[in-house]
Amino acid sequence: MSVAVDLGRRLVAEALGTAILVATVVGSGIMADHLTDDTAMSLLGNTIPTGAILFVLITILGPISGAHFNPVVTMVFALRRELKVSAVAPYILAQIAGGVSGTLVAHAMFDLSLLQMSGTIRTGSAQWIAEAVATFGLLLTILGGLRFRVDAIPLLVGLYITAAYWFTASTSFANPAVAIARSITDTFSGIRPTDLPGFIVAQILGALVAAALAGWLFAERRNEVPPIIAQGAG
Amino acid sequence: MSVAVDLGRRLVAEALGTAILVATVVGSGIMADHLTDDTAMSLLGNTIPTGAILFVLITILGPISGAHFNPVVTMVFALRRELKVSAVAPYILAQIAGGVSGTLVAHAMFDLSLLQMSGTIRTGSAQWIAEAVATFGLLLTILGGLRFRVDAIPLLVGLYITAAYWFTASTSFANPAVAIARSITDTFSGIRPTDLPGFIVAQILGALVAAALAGWLFAERRNEVPPIIAQGAG
Amino acid sequence: MSVAVDLGRRLVAEALGTAILVATVVGSGIMADHLTDDTAMSLLGNTIPTGAILFVLITILGPISGAHFNPVVTMVFALRRELKVSAVAPYILAQIAGGVSGTLVAHAMFDLSLLQMSGTIRTGSAQWIAEAVATFGLLLTILGGLRFRVDAIPLLVGLYITAAYWFTASTSFANPAVAIARSITDTFSGIRPTDLPGFIVAQILGALVAAALAGWLFAERRNEVPPIIAQGAG
Amino acid sequence: MSVAVDLGRRLVAEALGTAILVATVVGSGIMADHLTDDTAMSLLGNTIPTGAILFVLITILGPISGAHFNPVVTMVFALRRELKVSAVAPYILAQIAGGVSGTLVAHAMFDLSLLQMSGTIRTGSAQWIAEAVATFGLLLTILGGLRFRVDAIPLLVGLYITAAYWFTASTSFANPAVAIARSITDTFSGIRPTDLPGFIVAQILGALVAAALAGWLFAERRNEVPPIIAQGAG
């Protein structure tokens, strides 16, 4: 279901959704890391909540704003002319503001100092390849879902990210706004601020390749009847 | 699907559903805590059953009573005039009675003394913020689901709680009746009786903020045709 | 979807489904127990496959035989006159034969001696209460699903059992045919043969209580028009 | 939904899907194995991503190529005349090429040497029985889904493999292309190249038995009206 909604409410939906998404990623990382010494268990305790909340957020906010929560998703929709260019900057700003708020809320809930800076090193070509692959897969999932099973998009995205947390070496950030928000937490899910540019460039490249491939692979069939004949039949 | 049902059956559905929900929360907490020394593993063994049973209970009892199982959900529906005010007190009493029965059933199944009092401290502003956030998210999920995907509500609530067990520092009680029922078990999922008031106040506040926000964010579009013209056309 | 199918194919479906279900329960128990020292991890490695295969088996075999795989489910459907009494004994024999085959297949796959006898003690009033509760919940889930969301029954049963593995002290056998099949494996999921009668009696009692409650709680609404008037209108 | 698509795009879909599937299997195996000493935890960290990505890939690529990603699935569809014989070899080559690429991508993401050879021994009659059972179950799941719930096939396959990772002693390869791709990684999910023939023979046998059984069990009902009478009525 999609409804015509004013830009104000759409931006609130983008900010709110990104905030809850980041609060979930950061908060569950803190919780899991605190409760176990087994890092795979921590990652599982980070994965399951993230996949679950994505299903929820895309289902309840998708009809309002499209539930991007992600600047590269917004970028690709603008390139495909499914979003007005004038909405791109407001969307991205709402996502970043929401994401940062999500980190602050997670810190408040876990009684940590609100303002932190991550010291977790995430850099190097292997990590960048991983981020490009992760974002390529995310966009392919979204665009394939839009083409064939719109109602399944919340589940598709939730399950894709569930998988990507494990099969990519970077644990699949795949989202510049979430990456920025995760740079201001020195907890399980953090990323060093200086490592952000490499991640964001890789994410943009992965998204663009996916958009190009999807444009060909998921193309609607051409009308087989030449227009001149169709007219003649009229 | 919703059917017109007499109040007696609706109250039985509320009590039964809350009882099975609490038996699951308390029982799986006892089971998990008994089987492992890894607290994250215990929380996972508590999370998965809770999310799963919520899907089941809301699917099979929702058409009878609405499947609130939660006084603040009942309160919000009454405020939205989707539940008669006269049904509020009976609903809440059924939920509390059901919840308490659920704890007793869990104790009986695990051969523990039926009557206990929890010694688990859950208090302080960080915990209260967490409960307010948890309940805010739960109501937003329910009201967003009601607006856009009624058939998905059982899955939405099950997955929301799955996430919230991990991303909130309080493990997301988000329910006064369940909190009361959990105060009489001195096991993994318990809460000290004296900590109940703080939790319940936080839950009510979170629910009210969500109801207010949802009233605006999920509002139906205004009829674009001014009433005077519509009348003139009549 | 349901199709009219001859009894031969229905019995093959019951035997095959119960065999795959038991092979999953026993096999995953062996696998999980072999791979970890953490018993909660073993139970999780037993739970997830069981819930998953139930969704699969009920979806693909339900349209053929109803996908009971369980004598007490067959019994309740016969009591409700949704299954001919003459089919009850063949169904139950097929379920038991299938279940036993499933245990043998699991042993063959894991290179264990085919014929074993379980030494795992599962007895006492707490275990029996747990089995009665587990079976009560299973039947309530099935009958509620049949009333309100037939298409969701595979997911309902899969998720109910996922929860019940953890919230009942007995890990929820809830099925006499599966219990018999599990008595001939001396591995993680076994049950001592002498403990079978207590479990089976508890399962039958739990199922009967659920059937009685469901008969009232999920009753179709009475026709509000008295028959005499309806006749007069004819 | 299914669309008429040219062979080129179908082969790209098969190669891409198998690549992402193998990257997920191999990548999540590397990640999980690296993060924990508990082998059951590693298998869980391998299982959840695999099941999740199967849902995604079959949903978004199924309408293009049928989403086989598996030579024995392609073989069975050809035997059932649901795929032209001329497409069989191209499909299988695309699957193998895709699978091998998937392993290389996983190695690149985790900064491992691209070319490896597995040393993991997986042989013997118990393993072969396990592979035959695993592939039997996979084909039964697919063919049952095609008969009764086409829209549920992505979920059916994802959940079947989730279960089969645990209930079969071989962790359920059930796919010759994936097996080949896993022979060139010396990580958690690898298989020694010399053990491939035994696995592939077992997979083919399991698939053929399933196809034969499904041909009978899932047969459409015969038209009850004899053709001669139907003609007479015309």
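Some points to look at:
Read from first to last, the chains carry the letters A, B, C and D; within each, the first residue is number 1.
As a convention for this text, a residue touches a chain if its C-beta (ideal position, glycine included) is under 8 Å from a C-beta of that chain, and two chains touch if they have at least 3 such contacts.
Predicted model, so just to flag it, every value in this text is computed and none were measured.
Averaging Cα coordinates per chain places chain A and chain C 40 Å apart. Put simply, the C-alpha centre of chain C and that of chain D have 28 angstrom between them.
Annotation for chain D: residues touching 2 or more other chains are 38, 41, 44. Arrangement of the chains shown, judged by which pairs touch: one closed cycle in which each chain has exactly two touching partners.
Shown are all chain pairs that touch, namely A-B, A-D, B-C, C-D. By the touch criterion given at the top, residues 38-41, 43-44, 47, 51, 124-126, 129-130, 133, 137, 140-141, 144-145, 147-149, 152, 155-156, 159-160, 162-170, 216-218, 221 of chain D touch chain C in their complex. Of all the residues in chain A, the ones that touch chain B in their complex are 1, 3-4, 9, 12-13, 16, 20, 23-28, 31-32, 35-38, 41-42, 44-46, 48-50, 52-53, 55-56, 59-64, 105-106, 108-111, 158.
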